[in-house]
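Given below, in the form of structure tokens, are the structures.
Each of the next two complexes has subunit A plus one other chain: subunit B in the first, subunit C in the second.
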Partner chain A sequence: MLLRHTTSEIKDRTALTVNPAKTCQPVGAMYAALGFHGCLPHSHGSQGCCSYHRTALTRHYKEPVMAATSSFTEGSAVFGGQANLVQAVETIFAIYEPDIIAVHTTCLSETIGDDVNQILQKARDEDKVPKGKYVMHASTPSYVGSHVTGYANMVKGFASYFPVSTGKKLNQINIISGWIEPSDMREIKRIVSSMGIKFVMFPDTSDVLDNPMTGKFVMYPKGGTTIPEMLSTGDSKFTIGLGHWATTDAAVALDNKCKVRFEVGDLPIGLRATDRFIKLLSKFGTASVPESVNDDRGRLIDVISDMHQYLYGKRVALFGDPDQLIPMTEFLLDLDMKPVYIVSGTPGNDFSSRMEKLLANLPEAKYKNGANADMFLLHQWIKQEPVDLIIGNTYGKYIARDEKIPFLRFGFPILDRIGHSYFPSVGYTGALRLVEKMLSLIMDKQDMECPEEKVELVM
Partner chain B sequence: MKSEKSRYIMPDAEDVKQEILQKYPAKVAKKRAKSMVVNDPEAGQEIQANVRTIPGIITQRGCTYAGCKGVVLGPTRDIINLVHGPIGCSFYAWLTRRNQTKPPTEQSENFMTYCFSTDMQDSNIVFGGELKLKEAIREAYAIFKPKAIGVFSTCPVGLIGDDVHAVSKEMQEELGIKIFGFSCEGYKGVSQSAGHHIANNQIFKHLVGLDDEVKGGKFRINLLGEYNIGGDAFELERIFDEVGISLVSTFSGNSSIDQFTNAHTADLSAVMCHRSINYIAEMLEKKYGVPWIKVNFIGAEATAKSLRKIADYFGDTELTAKVEAVIAKEMPEVNAIKDVVKKRSEGKIAMMFVGGSRAHHYQELFNEIGMSTVSAGYEFAHRDDYEGRHVLPGIKVDADSRNIEELEVQKEDEKYRADLVAKKTKLSESGYRFSDYDGMMPEMKKGSLVIDDISHWETEKLIEYYKPDIFCAGIKEKYVVQKHGIPLKQLHSYDYGGPYAGFKGAINFYKDIDMQLNSKVWKMIKAPWENEPELVGSVAYAEY
Partner chain C sequence: MGTLITGRVGHVVTKGLDTHDLVCDKPSIAGSVSQRACVFCGSRVVLYPIADALHLIHGPIGCASYTWDIRGSLSSGPELHRLSFSTDLKEKQVIFGGEEKLYTALCELIDHYKPAAAFVYSTCIVGVIGDDVQAVCKKVEKEKGITVLPVMSEGFQGTKKDGYKIACDVIAKLVGTGDDLPVQPFSVNILGDYNLAGELWMLSEYYKKMGVQIVASITGDGRVKEIRNAHKASLNIVQCSGSMIYLAKKMKEEYGIPFIKVSYFGIEDVSDALYEVAKFFKSEQLEEKARQIVIKEINQIAPQLAEYKNKLQGKKAALYVGGAFKAISLVKALRMIGMKTVVAGTQTGNAEDYKILREICDEGTIIVDDSNPNELSSFVKQTGADIFIGGVKERPIAFKMGIGFCDHNHERKIALAGYAGMVNFAKEIYETISSPVWQFVKR
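This part shows the complex of A and B:
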């Protein structure tokens, strides 16, 4: 057994995390910054942070992930990282010529109390920032929140730094994208466009982390929200945030700065969350719902009605991030499945209140988020009473193999399969893909393991 | 594209170097110039290495924690490695280095699939994290009952002054198991290298020498600097088994801490990755008199040579005969595959920028299939890994290295192996080389370009100038290089293949390189219409 020391006996833990269902802030900040055109993320800390985050993102996307580091040494840890960051800004603009350097902090620079605002101002004052170029930053201490918090903080950083209110409103809305895949961002843009709504979406990692092979490496790929687009978000008539954890702070910041009203909804994962997203778009984008959207929805419902029997009553364990888990749980319930175990390392009280409401009619459901809500606990629950399906990032593979349970890869990071960057799981089309994947897993298991006389040709 | 290689004219390395430096701000250029050497193996050149990376330059390097927890301690299965810090450090080192392990039984301890962290929160940063660390150790013990726990410090731990060593000592007394700490904060040193040294020190201090039982075997060695990436250690274990050499310990591929405690009972230490483990080799010799030699099991010829070198040390005719028999048995298959691959790979050029020994060792494998390495460098090595150990006395210890502890090791009279010392003296007289490593540069061709701690910009320029057939580095570089239409071989993770060590490993490597070089995909990058603009709208339909 791979996880041979895991037993069903649960002992209280208050200090030890085992097999976490989260990672730290800066990787989220790095991912978010990659969703802006011409932007080079910069990690203000030890080299290892940058190296680990680039590695995790590269393995997840199988794409170049460029980012720089302040390369702290013991000296900088003692005397402060100002010299390193100023030098980094100069070096980066001289060699790599980005339009934006998006600095995020680390536990190291946060603990020693580096004032990054002041340091970046010094860099500007010393003419280290060429004309027309930008440096901005987000504070992302690794010992607060999770990778989702880091994403939220970097998006908030952009929403605070760039938008300008000219006093003249534009006929466009802002869509603040939560932590979803390039494929998902592309799908959201497709849906919004299909409704005839003018919009700016940020961040946008499509055409950044799903780039075609051309025989030439491009340091700043064609995708990403552009600076003019970002500047214009201050004049938009409304902002829709997708994902409470990832986008609320940015929506608030934009409202505070430029008086752009907002509403934050769930990520459009599954049927009803997508319904709500379409309603939000229709309302604030002042657009009617086109036939194509109804068709997408209808196809999803059609497939569910066709194949419902294979999903009905199936017990599911899931782990990941709240913005994903909440609509996913709702969707599983809509499919008459039973999401019985749910953990997220990402803290936030709303998680429990949302889950409580969603799972009111499923008394056997257990859920936990924040401190010590980890995959070890999830596995122990599974040991107590098994499930039919596990949904989560690649690390779920070890539980799935030990317990011989079908496993749907969903979330971050996915290190051992492709697809997530190319095929969406948001919207009705994405929901259809999720259903297809779950069906394949469950039905493949039946095909392989049922008694010979029970093998079905037609299913 | 490949057929054009016969007309290929190698660029002048000095031109490439100047072209690279031109883009840099003056101070950066001045510093980087010393880390880039146009090689002349006869000239005894000096290269700048193991110095600080320039902030912002986009480096391959990681941190001290990665070198300590990830590299050296990562492959040992029966110790709980508890990371004291925010969650990320432990998360990123969780199963990410492909150190395979094979516990002897289904019940044997194996914690390598687990990730342990104190998940420090802001309150721990403000008020200190020692209490949480103690509690985490108690909880780990209560749930898993391990025989040992290692505690790893991350950046904030050093800054707020948590004393992991005092906590470990206290908890060791409370719980009665082995518990010890590592001050491997990420900001120490200039790369992973400092972490290797710290790991070596603590393993030596807390484990080596605890178990004096001389276990079975006539020819007993330690294998140092082998991390069982992709099963390398399994292949080497197979070969040692066949020739009758007993592995007392491996640092640290497929290892258990019990092996470490017994390492001083070996008769010889064979060092693979000099950079990461030479400290333990040196300390084993100083304290216990166990001599060390440099070996290399990357490459079939290198494997044969290293086996012969070990056999020569023992000077036993039976062992020598067995070694020769195994080489004779293995080489035909190796040669058969090599000859097939070589037809397609001969004359092609490679580059490798990786690690602290791999960029040297893997040149052997490429040589075997007729490929030459035109440019290479390490990510975190020191001057001795480039120029040879003879430069050691002259290396200036700078501020970043000075704060990494040098253990004071004394000869332990009772366990000291005077017999091995006498053997070493005698063999040395006849020209057998101990405690020596010539480094990468003497073995590279004149005019090749050696670059330490290569930057992204330098990588790009090398590709532009040399148009290599294959580039070897790590995951962060992989897709950058491949977007250029050039395959990249990962030499950290082997692209999830391997093993590449030993005889079977060499075969795997030849085949994998052949596969990468000759994959059809590289020839399909351009769409057919891209070079045929006349195609567009060229058909005129007749009007009906």
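This part shows the complex of A and C:
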């Protein structure tokens, strides 16, 4: 057993993280930057960071992930990374010809105190940035927050840098997407379009990280929010942010810069969170809810009612990022399941207060986020009293295997299965897919393990 | 889009066309989409397979997250190395120092897991904030009575290769500290095999059949106790020269243990690896046994290989791997199954190895150091390669271009070393090249 060392007895750990339920900021910044058309993410730090982040994203998406690095040396660590970054900007525009370079920092460049803003201004002043091209940055120190923070910071960077207010409002809304899959972003666009609402969504990794095979390697795939779209967001009439952790800062920045009012909601995962999303769209996009959306909702509820006897009372452990975990917990409760253990390595006080409210009627539920909220702790809880289902990223497979618990892969990263890039888990159809997956896992286990006389043909 | 960045020209040669020496052993140009990693990564991958040791990463969470159980370095016993431990440094420690957190974490871990030794990896930021990692290690070592070794692998210090060297220095500190393993006359250490997909176990079988004792494997399926006793072996057999030649040289200086450089990829090379060992011990008995193994193994796989050769004749391969020594083996192995290497690149090759690589490649082969996706994809197009052999970041590029791919890096799932490995290799190459999926793509 891989996790044979895990004991059910919980001791206080003050300094140690074992098997983290998070990773560091820059990988989120890189993912966010890939959601802009013609953008090359750039990692201002040592070469390894960039390599690790590209590898992590490649493993999750099974797609080429392009990003450049400042390739810090001992000299840069001592004297600062200015020379590296200025040279990098020149090299990148000359060779890789992106429309945008999105620079993010690392723990190293943050700690030695590189002033990236000033360095990039120097690059612009020295005409290293060709006309019509852009270089912007986000500060993403790895020792603050988590990968979600990095995503939020990069999206905020774009929301601060590009939008322009011309004084003439456009009949469109902005949608700031949280950290979700390309399939989810595609689904959100489908839903909003089906309501006849004009909108700009950013970032948008559909058609970037779910590309069809063409026989050609292209550095900049056709998807991603475009520069004209980004510029126009300053004239939009409203902004909807999806996911508090990932999009609040960006929505605030856009409001501060261009006076675009906003509301941030949960990611539309599950029934009620999607209801709220549709309501927001309907209200601020001034649109009525079309029959197709109502039908999607009706089908979801139909399936739940058909199958609820298999879901009732099932104990679930889940881990991942707060923006996902909050609506997922709510959905599990709506399915009459019991989300008993919830862990997120991403800090933020709202997590506890939201969970407290959601789980008010489930006294046995335990949840923790931030420091020391890791997979080790989750495993200890499970050892104390087992669950029927685990929901989380690939790193849950060790616990699932050791404890023989059905495991639904959901979140980032998923390194050992496909599907997340292509089939959404947001919206009513996404919720239907989640229900289908949970049911299959639970019912497969029952089919394989129940006593022979209890095997049922019809379920 | 231009293919080569100014300053990259020297890093590429086409055999028969260019006359200049290949430029290598240089840090990447800032702004390139390099496929390389950092010093920490180098140290981490070398020490990682030591399965009964504790590996604690002192730094922000990322460095631990990204190296959590990512290599298929199999262990026949303990699997402590597959867990991820981090001090998860926060802003507070960046400002006030992380020594206290490191001390507490180390103590907690040692109490809980009772490891055979502990490695503490220092990351970029630790180098900058100036934690005295060595002092903390020394203190804990004294208090807990187990060996605690600092690995000073700050990422910015150089390339992955420098990280190998730092790891070798750490291993060297363990070597010679034990005297509790009985050693036979024909005894060796295996250096630079990481037991990916259980390859070490295959190789050990050959040596055991010959009557050669393996004292320590450094570091595949590695154990602290064996490494402590490694100085008692008569010979070091070095594979993956990029990572381990430095340790071999060091052990030669300190303990007078000679070394030979071998490769286990391809029939020619693996056979040589067995013969060389026999030759070293000047034992006819060993030589005879090696011969028997070689004949038996080759006879066993020859018909299968011939079949694959028939099917693969004339196919073209592009390869981009870690070190040039592996590239050399691959060129030979590909030739054995009728294939031609049209692109041969490495992340960290040295001048000596590149020279050999250039010698054994055909005219027109593009040889490249520290490449990037743009270059690689244009080389593939230019040469009409049928398959790409590389690592995780190259895989999707190959697939997008509609050609086959074989992972010859740490994500490989099947053993490619030794005789059985050669058949696996041919099989994998054949299966990916002949997959029906490619007919649906316009190339």
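Please note the rule applied: the second predicted complex is superposed on the first by the 459 of 459 C-alpha atoms of A that agree within 3 Å, B and C clash if a C-alpha of one lies under 4 Å from a C-alpha of the other, contacts with A are read in each partner's own complex, and residues count from 1 in each chain.
Going forward, contacts are C-beta pairs under 8 Å (C-beta built on N, C-alpha and C of every residue); 3 or more make two chains touch, one makes a residue touch a chain.
Here the structure is a predicted model, which is why all the values come from computation and not from measurement.
Peer 1: Superposed on subunit A, are subunit B and subunit C clashing or fitting side by side?
Peer 2: After superposition on subunit A, subunit B vs subunit C: clash.
Peer 1: I'd like to know which partner A:E63 touches here: subunit B for first, subunit C for second, both or neither.
Peer 2: A:E63: touches subunit B and subunit C.
Peer 1: Once the shared chain is lined up, is A:S146 touching subunit B (first), subunit C (second), both, or neither of them?
Peer 2: both
Peer 1: Which partner chains sit in contact with A:C107 here, subunit B, subunit C, both or neither? Use first/second/both/neither.
Peer 2: Both partners, subunit B and subunit C.
Peer 1: Quick one: is A:K22 in contact with subunit B, with subunit C, with both, or with neither? Answer first, second, both or neither.
Peer 2: Both partners, subunit B and subunit C.
Peer 1: Could you tell me if A:L209 is touching subunit B, subunit C, both of them or neither one (first, second, both, neither)?
Peer 2: Neither partner.
Peer 1: Counting contacts the way the document defines them, which residues of subunit A are shared by the two interfaces, the one with subunit B and the one with subunit C?
Peer 2: Looking at subunit A, the two contact sets intersect at 2-3, 5, 11, 13-20, 22-27, 42, 45-49, 51-56, 58-59, 62-74, 76-77, 84-85, 87-92, 94-96, 106-108, 111-112, 141-144, 146, 211, 213-218, 345, 371, 395.
Peer 1: If you look only at subunit C, which of its residues touch subunit A in the complex?
Peer 2: Touch residues, subunit C against subunit A: 1-2, 5-6, 27-41, 59-68, 79-80, 82-91, 93-94, 100-105, 108-109, 112-113, 123-125, 127-129, 154-160, 373-374, 377, 392-393, 395-397, 399-402, 441-443.
Peer 1: Could you please specify the touching residues of subunit A with respect to subunit C in the complex?
Peer 2: Touch residues, subunit A against subunit C: 2-3, 5, 11, 13-20, 22-27, 40, 42, 45-56, 58-59, 62-74, 76-77, 83-85, 87-92, 94-97, 106-108, 111-112, 141-144, 146, 211, 213-219, 345, 371, 395.
Peer 1: Spell out the part of subunit A that touches subunit B in their complex, as residue ranges.
Peer 2: 1-5, 11-20, 22-27, 42, 45-49, 51-56, 58-59, 62-77, 84-85, 87-92, 94-96, 106-108, 111-112, 141-144, 146-147, 211, 213-218, 345, 371-372, 376, 395, 398
Peer 1: Can you list the residues on subunit B that touch subunit A in the complex?
Peer 2: 23-25, 28, 52-66, 82, 85-92, 94-96, 106-107, 109-111, 113-122, 124-125, 132-136, 138-140, 142-144, 154-156, 158-160, 185-191, 399-400, 403, 455-457, 460, 474-476, 478-485, 525-526
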